[in-house]
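Shared between the two complexes below is chain A, which pairs with chain B and chain C, respectively.
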Partner chain A sequence: MTSNTASVTAALHVPEGAVRDHHPGELVVDVHPDAILDLTDRVSQQLGGRLLSLFATDDRARTGAFGVHQVWSLPQRQTFLRLSASIDPAAPSFPSIAQKHPAANWFEREVMDFFGVRPDGHPNPTRVALHDDWPGGARALRKDFPDDSQVPREPGDRHPFRPVTGEGVFQVPVGPVHAGIIEPGHFRFGVAGEPVLYLQVRLFYVHKGIEKRFERLPWRHGLFLAESISGDTAVGHALAYAHAIERLANVEVPPRAQALRVVLLELERIYNHTADIGALATDVAFTVSASRAQALREGLLRANDRVFGTRLLRGTVALGGVKRDLQPEDREALRSALRAFEKEFDSLIALLVDSGTFTDRVDGTGILTNQAARDLGIVGVAARASGIDADMRRDHPHDAYEDLLFKVPVEDGGDVRARLMVRAREVEQSLVILHQVLDRLPDTPCAAPVPDHLPPGASALGWVEAWRGPCTHWVATDERGEVARVKVTDPSFLNWPGLVHAVPGNIVPDFPVINKSFNLSYSGNDR
Partner chain B sequence: MSVEALLALVAALLQAGGMLAAAPLLRTGIKKMKARLQNRQGPPLLQGYYDLAKLLGKESVQSETASWVYAAGPRAYFATVVAATTLVPVLVAAAPLEATGGILLLVGTLALGRFALATAALDTGSPFGGMGSSRDMTIAALAEPALMLGLFASALSVGTMNLGVLVRDLVQQGPSWHPSDLLAFAGLFIIVIAETGRIPVDNPATHLELTMIHEAMALEYAGPDLALVEWASAVKELLYLTLLVNLFLPVGIATGFAPGALLVALGAWAGKVFLLAVAVTLVESTNAKLRLFRVPELVSVSLGLAFLALAIRFL
Partner chain C sequence: MIGLILKSIRTGALTEANPFGRHAAFGFPVMDFSRCTACGECVRACPTGAIHATQPSPGRGIVSLSYAACIQCRACVAACPEQAISVSPEIEVCAHSREQLSRSASFDVDPVTGMGTFRQIEPGAGPGLADAAATLKARIHGRLGRSLQVRQVDAGSCNGCELEIAATTNPVYDLERFGIHFVASPRHADALLVTGPVTRNMEIALRRTYEATPEPRVVVAVGACGCSGGIFGEGTYAAIGGVDRVLPVDVYIPGCPPRPQAILNGLLVAMGVREARAGGESAAPPPG
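Moving on to the complex of A and B:
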């Protein structure tokens, strides 16, 4: 029994042996549904836990019950804690924690949508993922729901939005189809003139049933599905899936592969952050710097293409390591590309923060307070811009991060400026990391062999601090060692409510820049 | 109809035609210069004409909820802008239809076009059109008086509200560096930025409906209707720049219809408008767009400048 296990057992007031060491850095407690509320309170208050994911499993064939699982990050202990409860299929419901832990809000409603297991005591027990024309009885993630089912659409009225009333108050519907090349999502603003009183977001237009699809794919092929979850986070999701599989199969990833995975992840981070910074400039019509940022991003993508043979870093991660080793001459090419980038990037940031008309647009715009960010369980860039010092690369080190020196930039403003500055400073830290890694790449193979079969009836969590925030994949196998369930949590799913919270009080024409400062993925959210 | 009236009508048609022909070049030119400042190639200089030809060749699409107001909007907007071109001296120190009215008629005609477009944008019931109209009117409530005051400041130096007479006198006096003229020029330059929907007031290149002002009003239009709106906006921009250069830098303007003088006038006009277009480009490229509620502050500055210019005339 490790010291973590003992201290967690004590803090939760559970009997000795209830907290199990599942994998390194991953504890599991089986709880009775009635104890969920008390235990979650203790996890968040005594252990400083932050909810990362909440999901259900259909274990009726094996145990005769549904499972409802919560995954908490315990950053002070560098460990994750999973609380798992068995739910009787005869009365499929579980106690909701959303009232006290708003981060669980969408998760619990998604469990209801896809499993038909109701969260009891949820403050707003309505559909979140399913749209109105989906028939009530079709529970897509239950095992007895064939993945090729043709579901008849239910006719009915249009979605009833919450009314916003008052003198001179009206609603502005925007989307789901937008101008420009972005994904679909419906925004409904309740406005009094220009100021926004209330924002309702309707997503899941690009729900593709990815979690269901994983259950039908051979687990080796799941990697390709994982990297397609959100196109801008190909490395992040692929790595999270690979981590889960490797932990399931007890594969030790060689040091060189771990280092190269850091390179890939940081390259993904800087090209996305640079693009986001440029997009912020575009949205406030600061044209020259927007163009410079685009050119910088293009330079990075070309370096990616040259070194890894892929611009957006798809197909670079392998189960057990990476697909392509870095040749010495490629390492030099990457180094010099990064040095050129660094100089240009610094002057781009100087151009932005020294321009009064630009800073006037981003200062104080779209504030997400620290309290709101904590309550909503906001993660990643958005959390760090609201004063939450959390970064999995440091709190739950994966790959080679444990041995690397870097800072976690945190800003207190919570506004567009803070999210911009977190990105800018993270790019600087990424460059620091990349130079460290490239300076001393370990001399080992770049992939370890993966066994032919996964252990049956097992499960493991894979996690990555991707550029937008933590991506987690929880993978469970069935009695044949095939994938029984994959729960994918993209940081966007946790952060969309943060955007909804940051917008009211601002004016309508500032919405695009606030939205862009979060830059959440629709595809990753909808899956 | 008297011979003068007939000649004035011919001149009006020629001038309106000339402005219509030249306007797309101005817009594309600014786009091109902006692109060069961003290290991009930018569109070919004739792109404005290609776009208009393309739009004019398409069919019109009309929302089911739209009434005749929607269809009339672009036509009225286009007509008022074309009419306004005949009230301003361009190459010759005389406006073709100057006998019909001066500064007040010009401002009124442009306001009528604005009213037509704003009403039409409300007609479909699309929230973007409504937002565009409301924003445009908010700005216009300040920009129109500022435009008038700025023009009055110039008119006061000569003592006439007739733009033709005014420019004739200014040409005789030569360029003036009177503080009143400088202040009025600065004020009117801001108005030109605001009225032509340029950064930092509006962004003509944006795709973000929620931030649009002028573009939001044109959002529902397609095909020939859109061509009319775009074309009229381009002409309006050229008209404002022409007014500015002819009132505040009255050099090279022809006083008669001698071919040589006209040619010089054409070159001088094109050169001056180009310089002002460069200034517009630089403003667009070095500024971010203002927060919407700051735009009235900017336009108020121009109102203040125009007021000062006017007051100095009385000192």
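Moving on to the complex of A and C:
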């Protein structure tokens, strides 16, 4: 038993042996549904746990029950803890933790939508993922629901939005088709003149059935599906999936591949952060800076293309390593592209923060307080901009991060400016990381062989701190070693409630810039 | 302010005079059917069913490769034991139908070994590129002139196509100089640029957007998903599939995602300014 296992066992007051070492850095406790509430309180209070995912599995064919699982990050112990409960299909419900842990809110409702397993005591047990024309009773992620089912639409398409009353108070509906080149979602603002009273968000317009699709595709092809969970996080999700498969199959990724994965992940971070900074400039009509940022981003994508043969870094991650090694001349090309970028990027940030017309729009706009961010379980850039010092690259090191020196930038403001500054400082740190890695690439193969078959009846968690925040993939296999379930958690799913919280009190014209400062993925959320 | 002006002067023009003709390390796979033995390795390697094989009758096999579904993952290239699949650097690929993006060949299949011997390239179904272009031109003739107002609709995309569509507006590609402009409302649009494996939850919004667009509306499908459903498939509980399952499509721009210049090229094809090239021509076997 490791020291982690012992201390977690003690903190949870569970009998010895109840906490199992599942994989390195991953503990599992099987719990009785009645004990969920007490245990989650202890995980959160005694162990400083942060909820990363909550999902169900349909194990009726194997065990005769559904499973409901929570995945917690225990950053002080560099460990993940999964609490798993068996749920009787005759009375498919489980105790909700959403009242005390609002991060569980959407997760639990999604379990209800896709499995028909109800969260008892949930403060708002309504649909989150299913649209109003989806018939009750059709449970898409149950095993007896074929993935090609053609489900008829229920008549009527009026969603019961929260009503507004009072003189001069009205609603502004926006979307799902937006005015810009962005993803679809519906926003409904309750406004009194310019100020927003509240914001309701209706998502899942781009729900593609990705988790079901994983169960249909051969597990090797799942990597391509992972790359398409969120187009701007191709490396992040591909790596999270690859990590899960490698842990399942006990594949040791060679050091050079681990280093190159860091390169890919940081290149993805830089191009996205640069684009986001430019988008903030666009949304306050600061066109000179917006154009500079767009040109810088284009330069990065072209460097990606030259070195890896792909602009958005798709097709670079392999199960067991990376698909393509970095040749010495590629390394030099990358270095010089990064040096050119670095100089220009510094001047872009100076241009923004030295401009009063820009800072006027971003200072104090869209504040997400530290308390709200903690309560909602916000992650990634948005969390670090609200004073939460969390980054899986340091707290749960993956790939080569354990051996690298870097800082985790944290800001306290919680406003648009803070989210901008976290991005800007993270780009600086990414450059520090990239130069370290490129200076000393280990001399090993860039991929390890992956066995032909995955072990049957096994499961593992894969995680990555991608540019937006943590991406996790939990993969379980069936008795034939094929994929039985993949639970994908994009940081956007945890962070959308943060946006909803940050907008009220601001004026409608500031919504675009607040929204952009979070820049959450719709596709990653909806899957 | 002075700093801003100096910065702009020092930066100068970043726009590429001719954004076309740039080749990529990897465009689409090209199959040399004359070397193919219809062994099926590439079919098993392909994650989207872009390559598939059928046996219409005993002793006869058909192998086909469709760019509409290809996500350019290169798995087929590595899988082929005959090295019959190579990579084409060409990326400005588009067409007026799914069939035009497909190449098929027939094989005589040995009943004992199951191996195929190349017989001939099968003719594609439906009208060719030139005929389809003429039909489109006749429909939009005199109406759209030399500009195209475009409403982009994400009908289920992963956002990859949106990133590259947005890149066409950056200072390097600057699509507005070609008379193309993205507009905020379908009522202002001549064309819809649609991405994604149209989801069940976007189908109604997509249809309504189309209905709000004035005639003669042109529909351009972008990406492997928009052209065929891509990696997400067609006819699942959540994804209907390619845009043509919901709307009539005039131009297909394949790729995962297509690069900015391929999107720009497709839009110019939709305007009747450029001619479509469906790629893969070298797939035809050398004569003799």
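Please note the rule applied: the second predicted complex is superposed on the first by the 526 of 527 C-alpha atoms of A that agree within 3 Å, B and C clash if a C-alpha of one lies under 4 Å from a C-alpha of the other, contacts with A are read in each partner's own complex, and residues count from 1 in each chain.
We adopt the following convention: contacts are C-beta pairs under 8 Å (C-beta built on N, C-alpha and C of every residue); 3 or more make two chains touch, one makes a residue touch a chain.
Worth saying up front: this structure is predicted, and the values here are computed from it rather than measured.
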| item | value |
| --- | --- |
| First (chain B), second (chain C), both or neither touched by A:D360 | first |
| Which of chain B and chain C A:V288 touches, first, second, both or neither | both |
| When both partners are placed on the shared chain, which of chain B and chain C touches more of chain A | C |
| Which superposed partner A:S523 touches (first chain B, second chain C, both, neither) | second |
| Partner chain(s) touched by A:T165 [first = chain B, second = chain C, both, neither] | neither |
| Which superposed partner A:L351 touches (first chain B, second chain C, both, neither) | second |
| Touched partner set for A:S228, first chain B, second chain C, both or neither | second |
| Chain B versus chain C as contact partner of A:I507, first or second or both or neither | first |
| Which superposed partner A:A179 touches (first chain B, second chain C, both, neither) | both |
| Touching both chain C and chain B, counted on chain A across the two superposed complexes | 179-180, 288, 291-292, 295 |
| In the complex, chain A residues that touch chain C | 131, 140, 145, 147-151, 157, 176-177, 179-184, 204-210, 212-213, 216-217, 221, 224-225, 228-232, 234, 275, 288, 291-292, 294-295, 297-298, 301, 305, 309-312, 314-315, 347, 351, 354, 521-523 |
| Residue ranges of chain B touching chain A (in the complex, touch as defined) | 34, 37-40, 127, 131, 134, 199-200, 203, 205-211, 284-294 |
| Touching residues on chain C, where the partner in the complex is chain A | 3-4, 7-8, 11, 14, 24-26, 47-48, 71-74, 151-167, 169-172, 182, 184-186, 196-197, 199-202, 204-205, 209, 225, 230-233, 235-239, 256-257, 259 |
| Partner chain B, residues of chain A touching it in the complex | 170-174, 179-180, 193-194, 281, 283-288, 290-292, 295, 355, 357-358, 360-361, 507-512 |
